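For reference, the structure discussed in these notes is given below.
For clarity, chains are labelled A, B, C, D and E in written order, and residue numbers in each chain start from 1.
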Amino acid sequence: MTALDFICLAPFLLLASAPIIIMLTITITRNIKVVYGFSLLMFLLSFISLFIVAPYIPHVIAPLFIIDSYSLLFLAIIIFAGFLITILSYIYISQQGDDKEEYFIILFVAALGASVLVVANHFISFFLGLETLSISLYILVAYIKTRSYSIEAGVKFLVIASVASAFLLFGMGLIYTATGSMNFKGVASALGSLHALSPILLTGFVMLLVGIGFKLALVPFHMWLPDVYQGAPAPVTALIATISKGAVLAIALRFFMDIQGFNNQAIFIALSAIAIISMFTGNLLALNQGNLKRMLAYSSIAHFGYLLITLLAGSTEGIHSAIFYIASYIITTLGAFGIISLLSVCSGNADSIDDYKGLFYKNPFMAIVMSLAMLSLAGIPLTAGFIAKFYLVLAGVKSGLWLLAFSLVINSVISLYYYLRVVTTMFTTSDQVKPSTIPLMGNLVLVVIVIGILFLGILPAWVSDIIASLS
Amino acid sequence: MVTVSLEVQILFAGLLFLIGLVGLLVRRNIIFMLMSIEIMLNSAGLVFVIAGSHWAQADGQVMFIFILTVAAAEVSVGLALILQMYHHFKTLDADALNTLRDKNER
Amino acid sequence: MTAYIPFIPAIPLLSSLIIILFGRILSKKIVAFLGVGSVSLSAIITIIAGINFISSTPENGSYTVTVWNWLTTGGFSANIAFSVDALSLIFCFVITFVGALIHLYSVEFMDHDEGFARFFAYMNLFVSSMLILVLADNLLLMYLGWEGVGLCSYLLIGFWYKEPENGYAARKAFIVTRVGDTAMIIGLFLLFINLGTLNINELMQQASLKWAVSSPLAILSAALLLGGALGKSAQLPLQTWLPDAMAGPSPVSALIHAATMVTAGVYLIARTHVLFALAPAVQAAVAVIGAATLIIAGFSALTQHDFKRVLAYSTISQIGYMFLALGVGAWSAAVFHFMIHAFFKALLFLGAGAVIHLLHHEHDMFKMGGLWKKLPIIFITFLIGSASLAALPLISAGFYSKDAILWFAWSSTNGSKWLWLAAYFGAFITSIYTFRMIFVTFFGEAKTEPTHKPGKLMTIPLVVLAIISLIGGFIELPENFGHFQIFSRFLSTTLPSVQLAGESHNELLFQILSAIASLLGIYLAYLLYFKKSSFAESFSNSQLANFFYKGWQFDWLYDKVFVKPLVWLSEINKNDFVDKIYTAIAKATEFLNSLLSRTQQGRLRWYVMVLTAGVVIILTFMLNL
Amino acid sequence: MILLYLIIILMAGGVLAWLLGKRSAISSRIISLAAVSIDLILIIIAILQNGIPDDKKWIFEYSVSWIPKLGISLHLAMDGLSLLMLFLTFFLGLIAILISWKEIQKSVGFFHFNILWILSGIIGVFLSMDLFLFYFFWEVMLIPMYFLISIWGHENRIYASYKFFIFTQASGLLMFLAILGLYLAHGNATGYYTFDYQQLLGTTYNPTIEMLLMCGFLIAFIVKLPVVPFHNWLPDAHTEAPTAGSLILAGLMLKTGAYGLLRFVVPLFPHASQIFAPFGMILGVIGILYGAKLAFSQTDLKRLVAYTSVSHMGFVILGVYAFNELAYQGVVMQMIAHGISTGALFVLVGQLYERIHTRDINKMGGLWEQVPIMGTMGLVFAMASLGLPGLGNFIAEFLTLVGTFKANILMASLASVGLIAATIYSLRIVQKVFLGKKDNDYKMKDLSIREMVAMGSLVVAIIFIGLYPQPVINTAKPALMKTLNAKQEYYQSQKVDDSVILNNRTCSPDTRKLNK
Amino acid sequence: MNTIFYIAGAIALLSSILAITNRNAIHALLYLILSLLSISVIFYILGAPFIAALEVIVYAGAIMVLFIFVVMMLNIGLEEELENKWLKPRMWILPSIIAAILLANLIYALRVLEHQTVTPQIIQPKQIGISLFTTYLLAVELSAILLLAGIIGAYHIGKQKKKIIHRFLKK
């Protein structure tokens, strides 16, 4: 471990020290506000530390980590999302349950796990990062243990995630058996010809895919997602939807690009099929969904189906578009879940779409943010989602993935229906007009999100240039 | 020492994995499901150890230790969840956990 | 010096606009003044134009005044331009002169109507459109007038809009004529595409230069124009709208559905006579259609009970004569008959209108009777008009105009004895139904009492028109009979004279024959309807009479062939079957949704099962690829 | 720069109207009226200063890089065609704001926000010379329209708004794919990747790809236009939208489809368009007749008018594929005249609905007695819709049909039958609504002055372009010639290929015979 | 040595099967412990003595005890009737088929390794320790955090609040 290693690990060290310090604070006094303030500070610090790291990239901390611009971008996204989720969580958690402070400990562990995933280039760091993230997520999902929903979601998540981890491990084991290396680059160099992978390696990859596909909730590993989305507290759902998925996508991309998986026909076809099926399944399932969280879960299945296109494109443009897409997806999803969690605070549970009836007349700002989020998810211009989809499709068609692009288009149409349904519901008048006020910080989060969505949607060049210039 | 072919050894691990899997798919008792998962994780660890000794590297065993750690953490959280589940649902039947759904979904 | 010509149509248009815009705040007197005054002013200008024209006839036979360029693009050009020649002057004169009289008549006729202003607005608009029609120097502008008069006709037939039947009659008129118009506009396309212009003079020159006689294009374009003419002039097979058009106020029937608009077809054919000359087959068709129409309409007129319907059928029949004349190449005879017909038919309609007006809107002739004593002025003028219609020899104008047609039907190069026979028989029938009308309405016992005497505003036009109907014929006397041909000489600058097949030495014979027909018809009517012969009774109850009464069942036929299918068409597929396809797509997606929703049943083991099955499928697939 | 201002003024006006709308409804009405008026005045002043150049240059052009890496720029340009469309947009925009003065009482600020944003999206579409930007605006105009229908619409508004959105979005996305395909095709051929319209004009492709790409563009435009069988969104959307919405939909939004055909489909894909032309014409004729037939079947007045749009828009596609100046002028005239006349009919229906709260023509009848002015207006526009000479629609239909006649006699003749059909349904409107016996007890007031100003200006406009269409024709001419020349130039450069194709065509039946 | 491998492997498989088929949770856990013990034998003969020890200590010793603890806490050892109801014979069919196909795939895939044998190589605990605390130090740190999260989570979730029931509702 050199000094440079430590500098480059600064964000991680900050994120890792946060749980310890919070724990120590708790031993002195249980004060949620202190913990909250400290959490925000730590996220802020770790975000700033990214700029400290930036000059030294790319830096490899053998054998587990590689800190390059790609991971730095994902880190930035994760920490930014973590910051916003902290605010949402505080507003949400401070109103319910007991032992609120531990929540932030776990939140940091989750963020740490996700960050590790982003920089991992070794099976061990991959596995540990994934598990750190998963275990914290089990806890967070079931955090409000007085609710049976939470517990049910937690149990389901735990069981299926463990199964997926077992598959993942078994797959890693097989790959390790075949190649004798656990480092991505090592694996890649030991693979030999990609056009004819040995069956054991293919089996290994498929089992690895289970682990990744489970986290990204690709069909057929998607079934847990709606239940967990629904059962988890709203900010936690936001966490799963953004940080967890973003981090897993990051490692999936890194691994896939390192081994050049798109060059293997079997993998290519299988992933294309999964992509297309995920798009259709997700969107079709969301169609009649009356529960907003479940609907977003299904929509996220579809979105990650879209994102597979970037993997299959196998080009730098694919990676850039993936980063842009995930950034815009995260900001958008945060918008949606931000509203859900803020509303859940104000007026009980805000799961059902019916709860949003007439929101426009109760709280126009929230309704507009929600509409923006929905339109962004649907990929309508002026929003981030449009540009993201544009980059994605462009990367796809540049690599000749017309079929995938075409099914993306069809699915965008299907998805419109349910996104619009949410929007429409908010604009229908309902008789029961409860004025709802959000805390200042909540409003601030929404403002940030709106600016983010619109900024990415109108002036995407800045961000996409940053993405392009870094890698 | 052992001269059994690598194929058989991995297959043995695979069989264990499948036994765990079948147990998971068949048992409704959540505790048994957790046990099955332990079998699966263990078998995955076994693969690493086998491969590690095949390649004469310590890495396989290191990985096993991490798997062990994770399994322990998972089990502890899992068992805690089972306690809560029993508390809420008054049963260990995994199939009883189906309250999360929308009205449109049967 | 011809700059004033655009004012002929512009003045009524302006007046119409004023009445439309301010009709509700203007008093009746001002409206009446505007309405009558504008048309009279046009009439005066027309007369001035006519005098100018005669005094200095231009070399090519017409003046053209371009007001502005309407549209020019892609090789197409049309101006808002008015062209004055002999033909259009005659039409203008009839329109404005008869129009002014009818307007005057209407002031009294419509006095108590709540739509007084509206009426004059429409009427002025009509006059303006009709003038545009006849003055247009290109076919597109003519089409504007053509459709304009169609619109006004529609508006005026449906003037009393509160009766739904009037509305239907109006729609029928518009739609049926529109069928013809569509043929006409296709004809315009054809002409423009092939000849590169729609300017009438250029068109005629180009046509005679480029097209040989009987060339397919010439035949086709003439046939298409004929389609338009048939529609407007209510000739077979598009004649069915005219009898129903009598739903409008009587002055409307007089002006539009007798004197002017319905003769637009005659004008069109006369105007494009070069084209028809290039298409002898079509020209022959014009003659045959005219002949057939005049007989069919004659028979129908014979059986009508409604005063105005008799006149309507007689109008169809008389226009049939004009068509016949056009068909045999007797252009000026056709135009002459048009003019005379306009006078006496306007007179008849106004007279009938007055009768109906004074008899509490009683339309059925058989409920009138004995009116000659009570309404002497109307009776006398009506009698004069009838005489003209029945072509009473020597004294009536109708005799001279109709006789010329009969003569040319036989003697011109395009004529034949069959055409003559049809026309001759038609003349016979004409005098029967005309005097049937007289005898039934004005003689016999009185069944309905008139409320009051007609006022001056109504009688003056009647008298004026009656006088013209008597003396109007003398401006064009047959060769063997005074040989006074100011009319055809005037027209000769525009229209070619008729070509006779042989020598004209037996013209007198034909005149005598037609006189006999006329008189015989009157006598027959006298026997049947004055003497109340039982034959009349039994005939009117017969199937045949009913067949004639229904206009030879054309309405029934069209109802079956066009209207019913159309109604059927509108009933079926009301909600657009294409929509069903999209609904089916939506339904299919919903079905898939429900299918997939079932997988999401919440059972943990099932989830794991799906996951595992997924692994198995993917793995099996990949290992076997 | 002025082009950008035009869009920005509308957008900013929209936001301002929304913000102020919460305080007072009237202020947002005035602001939106002002925003559109300012735009109108601005463009008039600019045109007066600049004049309309006769050559093929743009009147105004503005370009600034947007996403340079992908060759996307904010390239706005205006030629005669765009100018006419802009005038129409502002004119109808003003009318739309005027007629919703009283009608809209709910969330007035947001309503005007939507109206102004729709307008800015529409003018964006008319001005964009970058395909990405074009698609951007193409979509931007949808959302506010969606809101307009789904918030202020009638009973079945939700369904209608979905349908509208999904139809247009689905087709738009296909166009989006085609745009990307075009981008790549051009980039692969030249090594220069750009979305710029001017640059893309000369792209050469292989015929299959050209056909596919053209279909992508085409589908978006003919759904918008709409052409049977993609018209199903229209009756619902038009029927359920508030009056201003219907006016903008029929008057402006449909025109974006027509504009797209003229601006993009024909110049970008000359060869494929040539192949598609017969089918396009057939679609046009089917649209004319089928639309008319359905119009005749309807009892909902608004729906009826909506179907007349389908019928009228058939002329547009018919004319576009006639490929001659006459037809193109006809298409442009049709765009304007239909915008005015059908828009006016929708306004009229809206005014009727405001008064008697029904759109069922079986419940109307004899209304002339009470509302003669309204009746007169109705009559004028019914006549316009049946193509009465002297009104704008006649010029449009005449030119289109003459042009079509030049290209295809059969299609032109069949389309002319549509004139009869138009007569039937237009007269039905007049008859059922205003004439006949009054067997209802509606108490209605005739048009107020505000309404009369709106309707009156529409009447003046339709008569003006009917009697003096030359300014419109002259303005549109350079742009249309450009579109036509693009095709001809293509053929000149490809003469050899063309003759081969022709030969193939003439040969094919013979070879088929031989094979038998 | 191979015989030991086969014997231990057979015991492991058999006891695992018994563990997942047994109706009684305690019995099943005991079978599982047996399975783990025999696997630890295999570890040992594969040249991983340290792992063998860990397997016994942590897996069989700690984790299984946790299980037994929970089973005892919930007092569910004797609900065989319920298990009989839950475990119908036909429920085995589909999972078995899936497992069989997976097995077939696995056998097919593993054919590549047919002729490779494990070279007997004992990896000493020291070697592992060095590896853990140099190369994989950061991973160890991370797993420490992970365990911390596990502890806090288990504590938080497992903690039961006493239900305060109003005295009228008490039986």
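Quick notes on this one:
To be clear about the criterion, a contact is a pair of C-beta atoms (placed from the backbone, for glycine too) under 8 Å apart; a residue touches a chain by one contact, two chains touch by 3 or more.
All of these numbers come straight from a predicted model, not from anything done at the bench.
Taking the definition of touch as given, a chain qualifies here only if it contacts chain A and chain C alike; those chains are B, D, E. Measuring from the average of all protein CA coordinates, the nearest chain centre is that of D.
Greatest centre-to-centre distance from chain E is found for C, with centres as Cα means. Comparing the CA-atom centres of all chains against that of chain B, the greatest distance is found for C.
For the criterion of most C-beta pairs in contact, the winning chain pair is B-E.
Chain geometry summary: the mean Cα position of chain B and that of chain D are 63 Å apart.
Here the spacing of chain A and chain D, counted between their Cα centres, is 42 Å. With centres defined as mean CA coordinates, chain C is found 95 Å away from chain B. With each centre defined as the average position of its C-alpha atoms, the distance from chain C to chain D rounds to 38 Å.
Among the residues of chain D, none is in touch with two or more other chains. Multi-chain contact residues of chain C (touching two or more other chains): 594, 597, 600, 602, 604, 608-609, 612-613, 615, 619, 623.
Within chain E, residues 94-95, 98, 102, 105-106, 108-113, 136, 139, 143, 146, 149-150, 153, 157 each touch two or more of the remaining chains. Chain pairs that touch one another, listed by label: A-B, A-C, A-D, A-E, B-C, B-E, C-D, C-E.
Put simply, chain E touches chain A in their complex at residues 105-106, 108-113, 135-139, 141-143, 145-146, 148-150, 152-153, 156-157, 159, 161.
Interface residues of chain D, counted against chain C in their complex, comprise 163, 228-229, 231-232, 235, 293-294, 296-298, 324-326, 328-329, 366, 368-369, 372, 376, 379, 383, 386, 388-390, 394-395, 398-399, 401-403, 405-406, 412-413, 416-417, 419-420, 423-424, 427-428, 431, 434-438, 467-470, 473, 477. Across the complex, chain C is touched by residues 155-156, 159-160, 163-164, 167, 199, 202-203, 206-207, 209-210, 214, 219-221, 223-224, 226-227, 265-267, 269-270, 274, 281, 284-285, 287-288, 414 of chain A. Residues 609, 612-613, 615-616, 619-620, 623 of chain C are the ones that touch chain E when the two sit in their complex. Residues 1-7, 9-12, 14-16, 18-23, 25-29, 31-32, 34-36, 38-39, 42, 46, 49-50, 52-54, 56-59, 61-62, 64-66, 68-77, 79-84, 86-87, 92-93 of chain B touch chain E in their complex.
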